[in-house]
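In what follows, chain A forms one complex with chain B and a second complex with chain C.
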Partner chain A sequence: MIELTDNKLALEQLIQSTPARIGVGCSGTRPKTEIMLKLRMDHAMAVDSVYGDIPKAFFEEFHFPIVQTPCQSKEMYLKRPDLGRKLTSEGESFIREHCKKKPQVQIVISNGLSSKAIESNIRDVYPALLDSLESYGLSSGTTFYVQNGRVACMDVIGEILEPDVLVMLIGERPGLVSADSMSAYMCYKPRIGTIESNRNVISNIHRGGTQPIEAGAQIGAVLRAMLDQKTSGTRLVI
Partner chain B sequence: MHETNEWITSLGIDLGTSTTKFIVSRLQISKVSSAFSLPSYKITKRLCTYKSQIYSTPLIDDETIDYTNIAKILEREYEEAGITLDDVHTGAVIITGETANKKNARIAVNQLAERAGDFVVATAGAELESLLAGKGSGAQDFSIQTPNQVVANIDIGGGTANTAFFLNGECIGTATLRIGGRLIRLNPAGFVKGMADSFKPWLEENGFLVKKGDQISFERIKQITDEMAKNLIGYLAQSSNDEHTQLLYIDPMPQSLPTVHTWMFSGGVGELMKNSERMTLEEGTRYGDIGPFLATSLNQLMKRSSFNVLSPKQTVRATVIGAGTQTTEISGSTVFIQNGNFPIRNVPVEKVHIQNEELQSDQLDHIFSETIKKGLSLHSMGLDPAFALYLSGIDYCSYEKLKKIVNILENIYSQYLPNQKNIVIICQNDMAKALGHALSIRLNGKVNCLICIDQINIQHGDYIDIGQPLPSSIIPIIVKTLVFTSDA
Partner chain C sequence: MNKKISILGKTYQFNSLKEIMAKANEEKSGDQLAKIAANDVSERIAAKYLLSETRLCDMRENPLLSPEEDEVTKLIESDLDESEYNKIKNWTLSELREYLLSREVDGETMLKVGRGLTSEMIAGVTKLMTNLDLIQAASKIRVITTCNASMGQNGVLAGRAQPNHPSDSLQGIRASLYEALSYGIGDAVIGINPVIDTSSSVKEILLMTKEVMNTWNIPTQNCVLAHVTTQMKAIQQGAPADLIFQSLAGTEKANDAFGINIELLDEANELIYKEGTATGPNRWYFETGQGSELSSESHHDIDQVTLEARCYGLARHYKPFMVNTVVGFIGPEYLYDSKQVTRAGLEDHFMAKLHGLPMGVDVCYTNHMKADQNDMDNLAVLLASAGVNFLIGVPMADDCMLNYQSTSYHDIATLRELLHLSPAPAFERWLEDIGLMENGKLTKRAGDPTFFLSQRGVH
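After this line comes the complex of A and B, so read on.
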């Protein structure tokens, strides 16, 4: 920590108030070696979570079918956001044939910008979400996984499966504080042409942020509110 | 669209040794979370909107509180304040000082609480009293403005001196001594009209041989109050603590006290300290007791010792303002409520402290059943819920851990409390909604009412009252330490 000061307590309170790198001190005009190394390590972890893949063991545990977007590589995924919003034609026909049509709730999982987020959080969020749906008396369709998806690929999925509500659990753009943060995007009757203000989100889901099991429980409550009010996004009253 | 601010009305009633006061306050509850996170609410403002006059506490005799007359005062004050019972969401009746020792204290305070509104609770206990007075007087706020310096608020009423120590806004300790303005009652000629029994041993030990009917001189009274002030401040400033002072203890006393930087005096005697000039015997006995003498003695002592004394924002009403504005908290807003019949009052809390490594072992089952067994031995069997379980110590609750806890909860409730129809679980961590869902599925309709709330800090032995959930499922909670010095 920075060595000073006339108001050590105020500095400590500021440091307590944020996980950001403040009050770390410097040597001349540069960061200290230890701080610099930590920064580079955190950056490397962020890069890893974008470029990394979810390990096979994960799919052996959960048996989610895997569906592709036209983004064959991470490079393509990063450069062409529009392609991340579509499914391949094989993907489309797979879900048309194998997933339950017109479910009340459709759950979709995608690595998005952080495979690590899925790997770390699904184990806690998903079963808590299923409990929550059961407890509210809601039924869900066939959960599947979209490799290299963007949030709006839920519109294509909505068009094909016609769920009443859809929740997409997707890895967030990693930061230097957390590389395994996940979001839950929710929408009432997502269809092609749905605009962003019609979606709701619970973000920052990870151990150090929004508690994963509690997020799972709350997603159920938000979905139920959408079904009750037949709307979502800014019009939804929670 | 969202209504992000809600206001609730909270009452405070303080039945003190010598005086009774009443206030009305408004608490603002605001959404403090962004649209992207789980909803989260906080009490953002606590405003006192009405203050009653100061009444003499109605007593039937030395031993009995005149409940009927207090109820009458209350009725009149409701009208004066322009509120009805239906307007009141929450609040607290606190019974303080010597009044808590009266024969019918427990009955009176409970009846008053029920009469005052659906969710007004009864509280008592020296620690809580000290804390509320320190919050109400403004000492807590002052300690936030003066970082790293201990502020002591001494609330001196008729029967006790309740001290709370604050550091950076946190209460770091309390201490209560049997020092008050009404421990000896006098008429204008200096005849002793009565004394608190609990104070007699101290008087005798110090060689003040006074009894009812004696006439005592101005100088003699002053000697007594000087000695009282010396004992009180000597103890709090840790400069002296002899066996005489120990006669004034109200247990339990803290092991150690912090070094005080700023002193504040609230309560009736604190008010008198604002302008204690030279006075005659008649002026000194104008309240029929030794309050003004004690105020003078304290002022002189503080001046002589060059202590840093500050006038608090509230003096005589510090405790009642604290009780009205500071007792209500709100739970985290992702909670689970199935069929509660609110308000649920006086639920004793049994704490299950789970170490992280214990979650991996078979120990867990044992910890839960021991807690349940202890709870059953302590609390009467007729109650439903018999007690609430407070889960603390879990650092991160994964779904796997949650499942384990749910299994154990189902087992122990069906084993030890098979007929229990109401289950209340309080979690320190943000996990109540997930726990509620999982547990309700497991119990599958075996209980009528299941309530899981979280993010409340509770000490072992506390009681809680759970209020009617507001829209947006915020639940007002009052955590109270219900201690009566004599169990009548």
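After this line comes the complex of A and C, so read on.
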């Protein structure tokens, strides 16, 4: 077994200089047990976040209507990003009939690639966002949840509900450091054919990144700017 | 050429060589996403039958993407060794497969034949090979290249030290590099993926890595994997770069999406030979990976194996020091699970070797792919058995900057012990000199990054 250096302080300084998993030692050429298990656990959290579902209790708390994309399973969701950009015909009819038309701000929530992101951030981000909209004098439509959505399903929703601005709160691809990171994608008048560079994003929303409570206020400010400047994406001046 | 076949009472009709090539692929989610994959398993095998009867001259006469339409095709065509091609142009792909696998045909001969094959032909024969065929055939080929030091020799498994840091902290990169070196990793290259794509930041990283190399007399080469234009600026500002890097795609349109074309690569090529710091003849580092053309919608309905082969056709023009596919980085919509990643890794390695390239593989996966570290262990053993030139070394396989998992410093050290492989020769001598290796094995001092603090400048 190879023991690490006696020079503990120097080693500690090297370890502190990077989040990379260094100074971990080895037995033969293989990593020590604890550090090996730590890697497996971090990956397990990420995988469970991709494949896991948002618990029922979440929807009992928030009462968001649930709308589906044609992706019936996680496998289909992962393999067919094109289908995650659409809603089922039932989903389209539902929002046409039950959601407020032409709202100033439309809020949409989707699990995307991390259900944990929604579960752990919406409780803070959503009320903060509503407060922020109120303070800017903005009104919002009927918030709903899209199961297995991709960012570009904003366009289909925009086409049907014709909001002035739309914000989509969606789970990011989980990393090993954070499995519950969320993004807020925003767009002025999203419609079918909107190009990526017309969207703005605040990413890395989680407790170790952009603080969820602060994110609500930041999103409000960006939406206000979009409405004032009547544009979004690379042309938006923030 | 024949596009119709009846097997076991069922008739399979295809419309074009392009369709046969796509449907003959092993299952890949990317081909399914592009809607060009076989509809079921028997259609896949039927396509393989037809492909096996296809002659090399049929393939050349029916290019999947014409040279008038695409500069990558044009380059591959003009680089072809006509005398080698003429010797074998009437062979079928089946004959080519059996020739490459026969005991009498050694690696040198395969390399010679490879110069007479277009990338489409190499992709074609790959589709007829099983995983073990791909390992066996590739293992015969040695491609030795030299930048400052040489690698690719028989019995050598090199490793890239990839000491990335999420904010390009020089101190953090240095610490991670010390860890790599202490496991005997870094003989392929000390290569950093920067977060900040500016020439001044790239220059700083190149200066720091060069300083470590000089202080310890390390026989290796450095590289910062920014966009090629950023590296060019840094080099013009006096940054010490041994290698110049760029990601390649297999079509002109897809390269356009990467912000490159052949004219730009030629310009960079001239610069690295004129102003690069390396002493040897091979100065390029290329990365590729199945699926990138589809992701930029520049795939012209060609399958991802064939497009990947075309990257190698482009790469071989520049006689690179090292090439690797970043096989599992692209995501599950192109390679869904470990089975598909394993297949792609073996395909890419074989295809590149037959192109005469010094091929390594970034054995890797993302968190939304159906794969885990055990799958990477498996693929790494397969590739090391196939004679892969180098693997990627990341601390505990977790790249804290690019957010994906690859192979670790530990893994490369383990594969060397397991399969009796060594670091690149000059690098191994250096490890023996400083006391990290003895009689071909890591010593008790190995695995301790402070080694490079406590004995600094002694050597």
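Of note:
Going forward, the second predicted complex is superposed on the first by the 209 of 238 C-alpha atoms of A that agree within 3 Å, B and C clash if a C-alpha of one lies under 4 Å from a C-alpha of the other, contacts with A are read in each partner's own complex, and residues count from 1 in each chain.
Going forward, contacts are C-beta pairs under 8 Å (C-beta built on N, C-alpha and C of every residue); 3 or more make two chains touch, one makes a residue touch a chain.
All of these numbers come straight from a predicted model, not from anything done at the bench.
Contacts of A:108 after superposition: neither chain B nor chain C is touched.
Look at A:204: by the touch rule set out above, it reaches chain B but stays clear of chain C. Legend: residue contacts after superposition of the two complexes on their common chain; A:54 is shown touching neither chain B nor chain C. In the superposed model, more residues of chain A are touched by C than by the other of chain B and chain C. In the superposition on chain A, contact is made by A:135 with chain B only, not with chain C. Looking at the shared chain after the overlay, A:184 reaches neither chain B nor chain C.
By the touch criterion defined above, A:10 lies against chain B and chain C together after alignment on the C-alpha atoms of chain A.
With both structures placed on the common chain, the touch criterion links A:175 to chain C but leaves chain B unconnected. In the superposition on chain A, the residues of chain A contacting both chain B and chain C are 7, 10. On chain B, the positions that touch chain A within their shared complex are 1-2, 35-39, 147-148, 168, 334, 336, 396-400, 402-403, 429-434, 436-438, 440-441, 472. Within the complex, the chain A residues that touch chain B are 7, 9-10, 123-124, 127-128, 131-132, 134-135, 200-204, 207, 210-218, 220-221, 237-238. On the side of chain A, the complex with chain C involves touching residues 2-5, 7, 10-11, 14-15, 17-26, 28-31, 35, 39-40, 42-43, 46-47, 50, 75, 78-82, 113, 173-177, 179. Looking at the complex, you find that chain C touches chain A at residues 29, 32-33, 163-166, 169, 171-176, 178-179, 183, 331-333, 336, 366-368, 372-373, 394-398, 400, 403, 405, 408, 410, 413-414, 417, 442, 444, 446-451, 453-454.
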